[in-house]
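Heads up, the next two complexes both have chain A, just with different partners, chain B and then chain C.
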Partner chain A sequence: MDYQYIGKDIPVNDSRAKACGQLLYAADLHLSGMLYMKLFLSPVAHGIVRSLDVSKALALPGVVTVLSYENTPDVTYNRGRVRATEEAPDQETLFSRHVRFVGDRIAAVVAETPELAQKAVSLIQADIQPLLPLLTPDQALAQDARSIHEKDGVVRLPQIGYGDYASAQGEEFSHHTSSQRVSHIAMEPHCTVADYKPASDRMTVWTATQSVFGARSAIASILGMPMSHIRVIKTPMGGSFGCKQEMVLEPLAACAAKMTGRPVMLRFSRSEVMLCTMLKHPLDSHIKVKFSPQRTITGLQLSCRLDAGAYQTVSPDYADAISKKLSWVYNIPNVEYHAVSVCTNTPVSGSYRGWGGPECALIMENMMNAAARRFVMDPIELRLRNILPPYATSRINNFSLGNLPLEDALLLGRDRFGWEARKERLARQDRSGRYLRGIGMALATHTSGYFPRRGDWGTVVVKMEEDGSVHVNCNVHDHGCGEVIVFRSIVAEVLSISPDLVDLPEGDTAYNALDNGCYTSRSIYVLGRAILDASNLLLEQLKRNGSQLLGCRPEDLSHRDGALFVTKQPQRRCTYSQIAYYVADKGTEALFVSHTHVPISNPGPAAAHFAEVEVDTYTGLCRLVDYLAVHDVGKALNPALCRGQVGSALQQGLGLVFCEELKLDPKTGRAMNADMQHYHVARACDFSKIDTLFIEKPDEEGPFGAKSVGEACYVPVAPALIAAVNNALELELSDLPLDPPRILAALARKEREKEAVTP
Partner chain B sequence: MNFFQPTTLPQLAQCLAEQAGPGCHLIAGCTDFLPQRNGTPWDARALISLVNLAELGQIRQENGLVSLGATCTHTQVEGHPLVRQYFPALAQACGSVGSTQIRNRGTVGGNVGNASPAGDLYPVLLVLGARGVVLSGNQAVRRLPMEQLVLPQGALALEPDEAIIAFELPVPSPGNLNAFVKLGERTHVTIAKISLSASLTLHEGRMEQVRLALGAVARRAFLSSSSSALEGKSLSKALLPELFDALSREVAASIPDRPSMPYKRQAVRGLADDLLSALLHQARDVSQQP
Partner chain C sequence: MIINFVLNGRPVSRDLLPQRRLIDVLREDFCLTGAKESCGEGECGACTVLLDGRAVHSCLVLAGQLEGHAVTTIEGMAENGELDVIQNAFVEHVAIQCGFCTPGMIMSAKGLLLQNPDPSEEEIRIALSGNICRCSGYAQIVAAVQDAAKRLREVGKA
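Take a look at the complex of A and B:
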């Protein structure tokens, strides 16, 4: 199929503005009379504030007010809740007398300048009665985390699964995987501006959120305002990866604006982002899998423990999400899943790119790679014996996974990566030298939306202006990855106009119909389809009116480059603009379409990743040599942007596996490296060449056949890298991160074991 | 706050005489100065910028010395023909500081003057026998060996009204090899976990006058006694076990209580290996010269 705009590498819509410094992020907003808010955070991991002295802060000229648990609503809420009806533990308040981690909010200063606010914060004195901090899940579980929360300090999920693991036949194989606390490191630190007009009781909030309606709902319930009095506008976003999907800053800034009757900006420093928003969950998992003599899986039993941090927020849901992914890749007749989410006196864990998918893949793929080594089998071969066929049904939640080409991903990747040739080359490498190389791979899939969970839909208004240009209204939340240009390309493709003529502003509760926001990689699959359908409806309307104008039947008409023409007599034509004026003069209808799309499927995009890694056995440093990501995207609507997603996924995966970890002092619970000097991320120079291969077998429902890619591409990265390291070192490492000290320690351990065996 | 931009040394001396004291800072590239103040209330009373002093940005050779102006950027030093000819260690160290942007702005004077234990240039200047040239508010100039310029506890040994204006390095004798390596060099933008600098003379195939310096394992980089593992020996990779063993013991003794000690003690093996490779590489180049 020949497309004008779909499948083309069209640059991100706002790249020019970004390059020129003209894109206005929330932190660039300067409203008249705006105040600045700065938080006063708990210096201890656990305690009760006996008394709070804010007099010196208030006495500082330029300080307008101090907010604390003493003068703000004590409504308990869950920052992860998007809809007021969602069931989730309510444990958090705007400010707290009972502080539960180093970084918990006790108070906040609102002042005329950020510097004054900061200075006033340093003048606040809190007398805190320390309580015993529970810094690890083990410590917390010993007393059910009751000293942290009276209720739901520990949430044990009911057993999830199907079949009966105990009765499954086969050889049992056990494996253990753990991972650490990491920060998302989106380039843009969080910022929210709230403006409250007391006379009209109207609140406007500008924020880089993944859900304007979620933010509105949180503000409405905490401040007790009608939703119609609150308008939340999504600002340009410098990355989220989940760190901007929970309602952290919005209720605080809104509360301060309401108390002062003036606009208030709350802007986090990098350290505050790392401490006071949320982090990826520390995970501990034990998996048992039974294999038949043919090495097919007969049963799986998995038990996961998530460290939720000081508040449960989304963690129980997250633990549940891990289970959903267990029946999406391999054919497993019996599944038994147990999970517990434990509060500790540590920074809050929460949403992170992939929502359980990467955790599930980390556990499953580490296990599969370890099992392949145990069985002396090629890891691709082991997977080929166990993968689900296309159009398989997920045994959990009972829905079709779509054309899911797992086998294609494995075989195409094996060829493209030169897997067999690399294996042979590495088998011959000199193992006595300083550098050792290894290869590894992992397989995964992900969601393209919420289905079959209810509450997934997309509502779109498309209207044509008199000159033939188009406005689209849809609750879009672009994270900076470019979905806006993809949506504009979809409209442009349907109507055959330049994407430049399509305006598509992002989420705004004043103009958009209710919509959850950007979660679960749903944007392209759900909203993209809604926009496609609405554009087609507008085209129908254009043809109906064009046929009146040209004196023919609508079905006689074709369209190209902003005009309609009679297919068999192309000289009989009219432009969209002429139709727009015709419709306006007619006065009986308007050129716009309102459409709601409700998805009826949720295909899994198959992904197979392959890595070659070189380990420096003297220093423990690892270097990525080569990387291949094979992605079933249904249709790459904008291949350059899809490749961009893969690159960012690799960047985060390299960090997770090799260097990132927010370290807490084991005695005090204080973060030891909450800044970019001491928290190490993977950088551009750590990358190898990244090869990306797209499988484009169209999905039936996605726009032009497209499925999701944004989270899917992160899911298999870590286990592929880990497998390559283990292959290089002939080790079984599965506790992250594989940082240099851990690698050297493992090599030393191996050396000692070898010496013990050969006296 | 007052901002001064002297263009001559007498003007600089006058600024120092009149402004020096608490709240007065000398600035050049600001690659450390600004990040250190990020998110804190502005504390400066006076800033004296060195960047308009043309002679502080020069590299020249005279009287058997190479003089590096204090505001030469890392990029400038790394690429300078005199540096590349005589001091590959300095070129390597300057080329591995921070990122490209940092190297384009940051200066050698700032790198030493900031006196960070992980500063890359101090140990190199130390093994190369450099001296710091210091101007004082009364226009007097004094020259300090590197050990005296930075105190053992990692602070600059200067009076408030003094400024580093240059470094003077003796032109090395024929047969000199010098090199700088640091851990994690392949992953750029690292602040050195450990660095190792060396300068020695190759005489009839044997290494003499070996000076090694270890960086980032004490408050200040120091001349390493592990040089004895090389002194008088012929340069070859066969020295690795001995050099590693010596360095490892030295690192362990230097930071016995630091949690990173067990790792650094092991990983210094990679540094030793890299250093021998760099020296061997240079020795080959030297022997191939006509």
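Take a look at the complex of A and C:
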């Protein structure tokens, strides 16, 4: 099928403004009379504030007010809750006397300038009675984390699964995987501007959130305001990767605006982002898998422990999500899943790109690669014996995974990467040298929406203006990866007009219908389909009116480049603009379509990643040599942006595996590297060529056949890289990160073991 | 103290506290918000501007250091609304996603091409290593800089 705009590398809609520095992010906004807010954070991991002295701060000229647990609403909430009816533990307040981690909020200053606010914060004095900090899940579990929270300090999920693991036959294989605290490092630090007008009791909030309605719901419930008095507008987002999903800054800035009656900006520094928003969960997992003599899986038992940090927020749901993703790749007749989410006196864990999918893949794929080594089998072969066929049903939550071309992904990848040739070349490498190379791979799927979970709808209004240009109203939250241009391209394709003529502003509670926001990689599959259907409805309306204008039947008409024409007599034509004026003059209807799409499917995009890595055995440093990502995307609506997603997934995966970790002092719980000087991410010089291959077997329901890609591409990265390192070193490492100290220690251990057997 | 410097080609003279950071001066006093703050300590490159044609982190430069020097920001790149060659290359190569790193990336690229009009891929990657992008994996950015360098060499100006 030849498309005009779909499948083309179209730059993101606002890239010219971005290239000129003209696009305004939240931190670039300036409202007259705007004040600046700075937080006063707990210096201890656990304690009770005995007394708080803010008098010196208040006395500083230019300081307008100080907020603390003494003068702000004592409403407990869950920062991850999008709708008030969602069940989730309420443990957090705007400010707290009981401080639960280094970085917990005690108070905040609002002042005329950011510098003054910062200075005033340093004048606040808190007398804190220290409590014993529980810094690890082990410490917390020993007392059910009761000193941290009276309730829900530890959440144990009921057993999840099907079949009966105990009675499954076969050789049992156990494996262990753990991973560390990681920060999202979206380049834009969090920022919210809130403006409150006391006379009319109206609040407007500008914020780079993934859910304007979630932010509104949190503000309404904490400040006790009618939702109709609150307007939340999404600002351009400088990346999220999950870090702008939970409601952290919005209620704080709104509260300060309400107290002062003036606009307030709350902008986090990089350290505050790392400490006071969310991190990727530290994970500990033990898996047992039984294999038949043919090396097919007969059963799986997994237990996971997530360190939720000081507040549960979304962690129980996260633990649950790992289980859902267990039966999406391999055919596993018996599954038993246990999970516990434990609060500790550490920074809060929360959503991170993939919502449990990367954790699930890390555990499963590490296990599969280790099993392949144990069985002396090729890891691709082991997978081929176990993968689900197309249109398999997820046995854990009972829905079709769609055309799921796992086998294609494996075979195409094996070929394209030259897997066998590389294997042979590496088998001949000189193992006594300083540098050792290895290859590894991993397989994964992900979601394209929430389905079969409820709450996954998309409502769209599409209207045509008198000049034939189009305005779309939909609750879109572009994270910066280009959804808006893809949506505009969808409208443009249906109507055959330039994407430039389509306006599609982002989330705004004043205009959009209720929507949960952009999570779970749902935007393209759910909102994209809603936009596609609505555009088709508008086209029908155009044809109905165009047929009146041209004196023919609607079905006689075709459309191209902003005009309708009689298919058999192309000279009989009228432009969309002429139709728009015709409709306006008629005065009986508007070129306006409102449509709600409720998905009935949720295909898993298949992904196979392949890596070659070189390890410097002297320094323990690893270097990426080659990388191939094979992705079933249904249809690459904008291949350049899909490749961008894969590149960013690799950038983050390299960090997760080799260098990123927010380290806490084991005694005090204080972060030791909460800044970019000490927290390292992959840079341009750390990359080599990334090869991306798309499989485009259209999904039946997705717009133009598309499935998700944004999170799916992050899911298999880490296990593929780990496998390559293990292949290079002939080791079984599965505790992240594989940073130089860990690699050198493993090599030294191996050396000692070798010496022990060969005296 | 009165500080005289050239900003985007125009001489300016302002009363500034010498210890203020250049990024704050640009963003607050001149409403030039193209330079972004992401780390505040010279590690991410989002705040990159040119100082006498060399890429610097504006979060590490102080107002007192500006006397007699020339500062170019991302806002000074386009002429009469026409994007400059590097800016165009970034747009065309889809090297811009969330865009938060973009102004800094473009200024670092500009600084590189002023020093070295014909950089190898490795030289580009090293020159951009002070600029973090979390959205792209750098491939499109490197391609954009390579292409911009080629186009600039063709027209004979870097």
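As a convention for this text, the second predicted complex is superposed on the first by the 759 of 759 C-alpha atoms of A that agree within 3 Å, B and C clash if a C-alpha of one lies under 4 Å from a C-alpha of the other, contacts with A are read in each partner's own complex, and residues count from 1 in each chain.
Operating definition for what follows: a contact is a pair of C-beta atoms (placed from the backbone, for glycine too) under 8 Å apart; a residue touches a chain by one contact, two chains touch by 3 or more.
If you're wondering where the values come from, they're calculated on a predicted model, not measured in any experiment.
Residue contacts after overlaying the shared chain place A:619 against chain B, while chain C stays out of touching range. Of the two partner chains placed by superposition, chain B and chain C are both touched by A:269. Looking at the shared chain after the overlay, A:413 reaches neither chain B nor chain C.
More chain A residues lie in contact with C than with the other chain of the pair chain B and chain C.
Within the superposed three-chain model, A:133 lies out of touch with both chain B and chain C [touch as defined at top]. By the touch criterion stated above, A:651 is placed in contact with chain C alone, chain B being left untouched.
After overlaying the two complexes on the shared chain, residue contacts for A:347 are found with neither chain B nor chain C.
Once the two complexes are overlaid on the shared chain, A:683 sits against chain B and chain C alike. Of the two partner chains placed around the shared chain by superposition, neither chain B nor chain C is touched by A:507.
In the superposition on chain A, the residues of chain A touched by chain B in one structure and by chain C in the other are 269, 677, 683, 685. Taken together, the chain B residues at the contact with chain A in this complex read 35, 39-42, 183-184, 186-191, 260, 262-263, 266-267, 269-271, 273. Interface residues of chain A, counted against chain C in their complex, comprise 9-12, 14-25, 27-28, 30, 184-189, 236-239, 241, 269-270, 479-482, 640-641, 643-644, 646-652, 675-677, 681, 683-685, 687, 689-690.
Taken in their complex, chain A has these residues touching chain B: 115, 118-119, 269, 271, 434, 616, 618-621, 623, 677, 680, 683, 685-686, 740-741, 744-745, 748. The touching residues of chain C, when paired with chain A in their complex, are 27, 31-44, 46, 73-75, 77-78, 83, 87-88, 90-94, 96-103, 106, 122, 124-126, 128-142.
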